[in-house]
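So that you can tell them apart, the chains are marked A, B, C and D in the order they are listed, and the count of residues begins at 1 in each.
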Amino acid sequence: MSLMIILLMFTAFLLTRVTNLRTAVSILLVQSVVVAFSCLVVGLETGKTHYFIAALLTVFIKAVIIPYALFRIVGRLKREKETDSFLSPNLSSLAAVAATAVAYGFIDRALPGIISRDALAAAVAIVLIGLQIIMIRRQAVLQIIGLNTMENGLYLLGLSVTKGLPLIIELGIFVDILVAVAILGLLTYRLKLSYLSTDTTLMQKLKG
Amino acid sequence: MMQVISVMISPLLVLALAPLVAGIIKKAKARMQNRRGPALLQSYYDLHKLFHKGSIISSTTSWVFKIAPYIYFATALAAAMLTFFAGPLVEFADLFLLVYIFAMGRFFLALASLDSGSAFGGMGGSREMYISVLVEPALLLSLLTVALPAGTTSMDNMKTMAEGFPLTLPYVLGAVAFFMVAVAETGRIPVDNPDTHLELTMVHEGMLLEYSGCYLGLIHWASMVKQLTILVLFTSLFLPWMPVVNGGILIEGIFFAGKLLIAAVLLAVVETSTNKLRLFRLQGFLAVSCLLSVLALVAQ
Amino acid sequence: MNATDFYYLTLLLFFLGIVLPIVMPIGDNRINFIAHGMAAGGSFSAVLCAIFIFIEGSTVLPLFTWQHLGLVEVKFDYLGAYFLLMAGILGTVTSIYAIGYCKEFYGRRLRLLALCFNGFLLSMVIVFTINHVVAFLISWEMMTILSFFLVNHEWEQTANRRAAYIYLVMTHIGTAFIIAAFLLLATSAGSFSFSHWGHIPLSEAVRNSIFLLGLIGFGTKAGIIPVHVWLPQAHPIAPSHVSALMSGVMIKSAVYGLSRLLLEFLAPVSLWWGLVVLVLAILTCLLAVLYALMENNLKKVLAYSSVENMGIIFLSIGAGLVFAAKGQALLAGLAWTAALFHAFNHGLFKALLFLGAGAVVQATHLKDMEEMGGLIKTMPYTALLFLIGSAAIAALPLSNGFVSEWLTFQSLFYLPQGIEGIGGKLGGAVLVALLGLTGALAAACFVKVFGITFLAKPRSHRAQAATEREWTMLVPMGVLAGLCITLGLWPNLVLKPLKMMLATYPELSTAGLIDNQWVGLVVTAGYDETILAISVAAGALLLGITLALVLVTHRSLPERSGETWTCGIYPTARMEYTGTGFSKPLRIAFASILRPHRQIIVDVQGNDYYGSKLEYRITIQHVFTEKIYKPFNERIIRGAKVFRKLQNGSLRLYIGYILTVTIVALIWSSR
Amino acid sequence: MIPLIVAALIIPLLTAAFILFARARIVIKRIHMAGSIITSTVLLTLTYGIYLSGPVGQGLLYMDHLSAVLVTLIAILTFTAALFSLSYMDKEVAHEPSPGKAVKRYYILFQIFTFTMISVLVVENLGLMWVAVEATTLASALLVAFSFSRAAIEAAWKYVMVCTVGICLALLGTILLYFAQLSTGLEGEALSWLALKAIGGKLDPSMVKIAFIFIIIGYGTKVGLAPMHTWLPDAHSQAPSPVSGLLSGALLSCALYVMMRNIAIVRDSLAFDFIQQLLVGLGLFSVMLVVPFLLVQHDVKRLLAYSSVEHMGIITLALGIGTPLAVYGALLHIFNHAIAKSGLFYLAGIITQEYRTKQIMRIRGILAQMPRLGSLFLVFVLIITGAPPFGIFFSKFIITWAAFAGGFTLVGTALLVLLGAVFAGMMHYSFQMVFSSQTGTEHTTPMGAGAATAVIVSLLLITISGFYLPDALETVLHQAATIVTGG
């Protein structure tokens, strides 16, 4: 399980550095697979069937459909690349490290002596990194990936501290994520159509 | 019965005496300026003449122009009756009533001055209202120097209170303050020049420019009555001392007349010894009066 | 019939007045008659209701029980009845006047005007009678909103709209303060019924906050400086019968509210409250009358003068508070009598003046006095009635204005008895002097108003073409003028019920105010009694006039007509003294307050010496508007523009907000 | 009852399906209208049923008085919005390349949106509630982006991003709450509201505290509490006006509902003044923050959107005060605000269609050109700013009263003054638009029958609610307040 957490953290860190959209989607794919594996691990530990179903669903939705959809979108977005981020890759990695430190610090302070401290802290850290990605990156696709990272972090949290949510809820969450990605993808496509770019910082007309 | 008769007589007495006082002031002034001056009774002659002349009424004017002299006359007379301390109505005399009766006369006269449609009249009315605005607080304050210790605004009580008041600094301050107001209220130098005939310097006279004949007579007479009233006020409230001798009403009357004479001459002295102030220096002049009153109140 | 019946009748008629203009498909002419007839009938029935209350005594009339909010009652007590009387009288006359006046509005939203007018009257009647705080607040706010629609009736002009907006917003914010004050009281008393609000044990801090909140709230409605700015803007632009009602009754509702608050709910009062009110009041009097004097817009002068008179009313209220705090029941009674009587009187003569001004404005279609003049010849009745109103507002003896001003003077005069030491003495003296100054300025102001508007030669063609108004407009004015004189000669007509009302409050005593039927008023508050000898003064004046008449007419002297002497030139209207000129000496005298700014534009084309055109403009600075409201407004707008940058369209900023809030909340929670 | 709930969920979906297969626009409109009317009827019946027989629940479905309040609201709002859409959308899509398709898309999304909102209210499980709330975002996002103009895309993008981020935090909070539930070691369905409510007092306070913060911030984003409100003016201003009305009236209320459910749980374990401070603070801050945006504004629909933020702030503040009176006031205010604000958005929709702009500067002389529309708009603005004798005045008054009675004197006074400032801003711009003699547009079209009915219905409801609430609604409101205050 710890291995999975480390892997997840690693992918999250990687995401702070990539500029190529295709690479980013690939990393998300890896991340999702890791999440599915963690699910499987928990399933093997507890021996309950619904983890296997959840792991299967994760693989199906997060590792197949979503990356596929994102790859298709990226395929249509020629010459789109992350440039001039709010923070340079180095700085954003630094920010991710800071977020991890904050997460650990916070968990230790607010919930001292909790059982699965590492998993909890890692989950919070991944959520924070996901938030950071949305804040730092300009590319629409990268923001979608940030959102997914957040969601993965939360999923990990659920797995590690509560041994997973009831299946029906998880199902609902999966559907939501799927639809969210679909809608965001559609919007990205429309963005490209009307702005001729998927740089989200162009969208600053609505203010005041 | 006695009362009714005196009510009837007192206005007549006031009307009869007012031109005399005016004559005395004029004469005293002339004497001080080394002139012979008009006869002591000249004011009576003037009034007689005016009341025998017809008048020209400007076609611009309306009925306001015509009623104003009557109201002015009536207010002056009413003020006199409510102040004349020998009169029987004295217990009804009230400080605020008096001030507002004066205001009433001025109100209508100023309206009349606007009614004629001439610039001189308007100017006179405007200046008269300006002076009245400055005078009113000063007048009230100076009267309050007596009224506040008396604890009432009834003239009668104020007078009683003033009679028992020793001659102290606050008293003198109050007297000076009131005298300054009296100068302004009677329209004398340094506030206004009653003898001027230069349109641009006229204040009270400016308002009367369009009046002639008996209307002018009414107004002149009323002004004299008003002047007398204010002098009486001054003497009763600020020169209240009576001789210890108890000689009945006659001796008192003579003594009172003497004090009145002093006040009238004082007015003449002031008028002779000062220059007319520029119109917009009046604020300062009356502010001094107010200040003296306040000082008097503080010192009491 | 008793008070209750008349009350219901009033409500019914006003209600019909609201509904009929909506539902009846008839012409404007009939709408005008029916709606304003209903208004007049309802108002008259309110007068009867008030009279019956004074005859029958106080009663409580339960209406219905309101979810959460308790029993809603109508309470007929003397305080309410007194104001109801005022509202009824003025409502009746203004409604009749409206029949004539509103012909101008045929085809211009007459229905809306008429129904709002009825609603406005209805809301005022309810304000004065309701005994339940929520119902009170609702009718209070309805009063504001409906009067807003009346003020804003001629919204085609931008300036009107702006003024109406300021009016609505300021009074709305004022209401917020009233709500706060009343809620503090309600939660302390545990009831929404005014009946349970007397003598609640309150801590000093709460009492003081209620007082201050109430003062700000009601002061805004009353137009007390520095929260007066809406009043001189809103009153002039309303249709004149509405201005009359607003100045006459609506702003008095603030006096009503304060009376309830200070006499019933917050008694016993503190000394410093009185001092605060006195200072604000004298400031209000002086500044407002100065502005009134400088103003040339006829209705604006009247509006500023309303502010001034509210100041005079508040002066006596302040004195009343001081006396009540010191336990001087007699003097407190005197001061409150002065305040409430002046409120009544001001209602009468200000309504008269607004109606008169309305007649003039309608006849000439002019607003600026400088273009009027000579109307006394074309509109003789209006002029006479306006003159009576001017005399009353200038507090000339024999008018009702004088009686109440005299009472105010008296209550200020006795101020040393409420405040010991030199402070009280000087304070009293200075306040008397300043009130005297106010009075003199008001007199000057109305000399100017009447003189410039009605006298001399007409200054424009429109003024020349004016015609007298019809009787429906003149009769109401005549009634008001008659009332002004009647109350000036026989004030006890109103003072008697007023004393009845004030006697119900234990902190006040009206025993010191003796009504001597023949002489006038006798005040026995000091060491000795002071008499306002109305009959004597009247007699003396009458005597003087008779004597003068005898002197002038005993022999018939020739009277010729001629032109005014203007140094030999034929006089024209352009030679007349202007309003601006008339007030110039005072403008210079009070330059430090008014800060006049003048601008002279000379066009010297053609001739270098006397040019072809000369324009003279003078503006004065309204110190509170210029120094407080404008900068405040600008700062707010500037601040708002800075704050708007928070929403600058950047998504990452928005996400950052969420992150920040989360972190702040987490840190705060683990403190 | 349970079949009715299921029906309420299925009917909108069925309607959507029918619309999908319909061709002619008139048919689409009829199906849509019929579906909406049936849904509303079913929902109202449900409320009445709850009023008669109390809470019902089975499995994952559960309804009590609190849901009944909101269900009533949804019933009214979907009806008026559906009605209003009929004429509005015809005009809206007139310039689209394929209006038939656009209309079809709109009505399908509308029905799905209705479905998601109803599902928020009828599920028993906090986890599913979360799922449903997220679903509302997604369903409405496409409605916001309906025109796919640049601004609409921008608004939708921000809407989805901000709300999803927020809602993720809510999920974090919910998971923590679940963790707390597990930690008690007591039996009970995972995240079941009833179970959590029953063991409320035994939950670990420190865990619940963190969970609650995340939940408040998360759902607060959806409610539109400042400073998480940033998506709200964008989305409200860009969505088609009936959708704006639904977003503001129904969706925000649904989010509030979820917040209230969570508050009801945590009340037992957390120190009450912590909840009070958090909610009152957020509420007051929201009211405060919108003032500058209302004082300087250029877009009529944004003006209304910021007013929604203000009202959400007031309601949150009332929930924070937490006395039964305050919560009753809050619920009443949710109800009143929804009806009034949706009506106002409908009117704003007509205005923007007539003038073809949302810029306040360009909208002039409404009253002169369209007297009815102008006066209705003015009346609605007066209503929304709390002028008596309409419903909002009363609910605002009750909330202020509760603030004073609950010892929040300063907060109450501050609220009153802030409301005055809000009034100044709203009135300023409304006057500019309504009263003025200049003209903004030459030719005007009469208000559509559907649109007029929708607005009049709103006006009638809000006027009546000022004087009289039906006994059923009154009881339900009271019961709902007891549920929130932990009765």
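Keep this in mind: a residue touches a chain if its C-beta (ideal position, glycine included) is under 8 Å from a C-beta of that chain, and two chains touch if they have at least 3 such contacts.
Computed from a predicted model, the values in this text were never measured in an experiment.
> Tell me the chain pair with the top count of C-beta pairs in contact.
B-C
> Could you put a whole-Å number on the gap between the CA centroids of subunit B and subunit D?
78
> Taking the mean of the C-alpha atoms as each chain's centre, how many Å separate subunit A from subunit D?
30
> For subunit A and subunit C, let me know how many angstrom lie between their CA-based centres, rounded off.
Distance between chain centres, rounded to whole Å: 69 Å.
> CA centre of subunit A versus CA centre of subunit B: separation in Å?
The computed centroid separation for subunit A versus subunit B comes out at 98 Å.
> At which residue positions does subunit A touch at least two other chains?
Residue numbers touching two or more other chains: 110, 131, 134, 143, 200, 203-206, 208.
> Tell me, which residues of subunit C touch at least two other chains?
Residues 644, 647, 649, 651, 655, 658, 666 of subunit C touch two or more partner chains.
> Multi-chain contacts only, two chains or more: what residues does subunit D have there?
154, 157-158, 161, 165, 210, 233, 293, 296, in rising order.
> Spell out all pairs of chains that touch, sorted by label.
Contacting pairs: A-C, A-D, B-C, C-D.
> Please name which positions on subunit C make contact with subunit B in the complex.
For this pair, the touching residues of subunit C are 376-377, 383, 387, 391, 394-397, 402, 405-406, 409-410, 413, 416, 422, 425-426, 428-430, 432-434, 436-437, 439-441, 443-444, 446-448, 450-452, 454-457, 519, 526-533, 536-537, 540-545, 547-549, 551-552, 557-566, 571, 573, 575-578, 581-586, 588-589.
> Quick one: in the complex, what on subunit A touches subunit D?
110-111, 124, 127, 130-131, 134, 140, 143, 147, 150-151, 154, 157-158, 161-162, 165-166, 168-169, 172-173, 175-176, 179-180, 183-184, 186-187, 190-191, 194-195, 200, 203-206, 208
> Using the touch rule from the top, collect the residues of subunit B that touch subunit C in their complex.
Interface residues on the subunit B side: 11, 15, 51-64, 69-71, 73-78, 81-82, 89, 91-92, 94, 96-97, 99-101, 103-104, 106-107, 110-111, 113-119, 121-123, 125-127, 129-130, 132-141, 144, 147-148, 150-154, 157, 209-210, 213-215, 217-218, 279-280, 283, 290, 293-294, 297-298, 300.
> In their shared complex, at which residues does subunit D touch subunit C?
154, 157-158, 161-162, 165-166, 169, 209-210, 213-214, 216-217, 221, 227-228, 230-231, 233, 274, 278, 289, 291-293, 295-296, 325, 328, 367, 382, 387-389, 393, 397-398, 400-401, 404-405, 409, 412-413, 416-417, 419-421, 423-424, 427-428, 431, 435-437, 469, 474
> Note which residues of subunit C are touching subunit D in the complex, please.
Checking each residue of subunit C against subunit D gives 67-68, 134, 137-138, 141-142, 145, 152, 155-158, 161, 164-165, 168-169, 172-173, 176-177, 179-180, 183-184, 186-187, 209, 213, 636-637, 639-644, 646-647, 649, 651, 653-655, 657-658, 660-662, 665-666, 669.
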